[in-house]
């Protein structure tokens, strides 16, 4: 059963990479990157169970915490064109 | 003007957990994967996340650039100072057995922890300082 | 004694999780624009991941592994919607138009 | 292996893509895949390093570098024939050289019989640390790690000096 789960998650990798390469906008690529991050966590967990070494899970926590940072950095850059600015200095928009 | 309200609240809740996890990776590195380098990077990522969501100035108030820059040589000093300390205690450079005369194994363990802490300080300081300089340019 | 019981119990969770994960990924590949793709990945990111992790928790029994899996599950459920929210807002801000008619293919703005 | 194929595909995508934002995102994907491959190879500590550096820090740093430059790569003027030939010849030589290597993961090779068994057997008794990677890194090879820390120190100082020094001169004219 874990093998089936591993195959499913690996297939999800393939689809997400396809979207990341094809994606017409940058947001598609970011979405695909986010999905690959989640899929990598699940792949780690499933592989840890398949090989009976569940200490891989620490790395999964690292992924989960740091995936958000990369995504937010890209999006913030797009929104403001600058990583340093805070939202309070912005004029009212949206 | 609260544009990113959800992001702000989420970041505020997430930052302590990232720091806690960094410390876990640091001090649990003897038993599981991880160590000083990884923990330093995670701690720096925490500061960067804060700076991304709240802006550079609040992050600079929380972790002043002078502190980050002072951390860079401080870590190397901790590392090298451990070696000097073992030399003063009458053994070779970086031979941690001298740190505890009664039980060399405990000395080794203690020495490894101190040295990893030095690596953590250097790595975190370097990453944060480099991020500050890059992000602060051109403003 | 009943070693087989958690295994049997975890199978439906793992199977359902794999199924939802695949469905979400296919949606990510096949949907026409950014917003619908986000919609599709929410299935895999929350439902599929949660079911897979719950299945693994049942297999692992009551141990440290379960606690770590629970932490991963909480982190996923916490960061996933935040990231998707930021993504949708940024896409809207960059004026990526959703596809409203059936005949139209792809989004109208170029980045 | 699926992951290695995906990595190759992503690398080609990085080379072909001209939009540098896309390149940043793709390199993040690449480091995720790389970490998964390292997990499969049982290199847990290296995978953790790859995950933390590749996913968190390098994306942010590349973006902040991108802020200082243009966001599109310029099309090269001519096809680089000579470098392609050179790279192909080097790759062929390396592939030829791998034919003489022992099979991957075999225990009875020269590398694995020098000091590695002693580390694996004695590490727990001598240092009291269960993770062999940590004990080798910080204790047996302490000098190396000190050198690495010094390298990080030097790199950080160098980046700080370079960026600081250039900021002062064009400040009145550039900043409008």
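Before moving on, here are some points about what is shown:
Every chain is named by a letter (A, B, C and D) in the order it is written, and numbering of its residues begins at 1.
One rule holds in what follows: contacts are C-beta pairs under 8 Å (C-beta built on N, C-alpha and C of every residue); 3 or more make two chains touch, one makes a residue touch a chain.
Because the structure is predicted, anything quoted here is derived from the model rather than measured.
Of the two chain pairs shown, B-C and B-D, the one joined by more C-beta contacts is B-D.
Per-chain Cα centroids separate subunit B from subunit C by 33 Å. Subunit A and subunit D have Cα centroids separated by 19 Å.
Distance between chain centres (mean CA atoms), subunit C to subunit D: 29 Å. Residue positions of subunit D touching 2 or more other chains: 19, 21, 44, 47-48, 52, 56, 60, 64, 67. Among the residues of subunit B, those touching two or more other chains are numbered 4, 7, 14, 25, 32-34, 38, 42, 45, 48, 52, 135.
In subunit C, the residues that reach two or more other chains under the touch definition are 79, 82, 86, 89, 111.
All chain pairs that touch, listed by label, are A-B, A-C, A-D, B-C, B-D. Taken together, the subunit C residues at the contact with subunit A in this complex read 7, 10-11, 14-15, 17-19, 21-22, 24-26, 28-29, 34, 37-38, 41, 44-45, 49, 52-53, 55-56, 59-60, 65, 68-69, 71-72, 75-76, 79-80, 82-84, 86-87, 89-94, 96, 106-107, 109-111. Here subunit D touches subunit A in the complex through residues 2-3, 6, 9-10, 13, 19, 21-22, 24-26, 28-29, 32-33, 35-36, 39-40, 42, 44, 47-48, 51-52, 55-56, 59-60, 63-64, 66-67, going by the rule given at the top.
By the touch rule above, subunit A contacts subunit B in their complex via residues 55, 58-59, 61-62, 65-66, 68-69, 72-73, 76, 82-90, 92-94.
Touching subunit A in their complex are the following residues of subunit B: 1-4, 7, 14, 17-18, 21, 25, 32-34, 38, 42, 45, 48-49, 51-58, 135-136, 139. The touching residues of subunit A, when paired with subunit C in their complex, are 1-2, 4-5, 7-9, 11-12, 15-16, 18-19, 24-28, 30-32, 34-35, 38-39, 41-42, 45-46, 49, 54, 57-58, 60-61, 64-65, 67-68, 71-72, 75, 78-79, 93-94.
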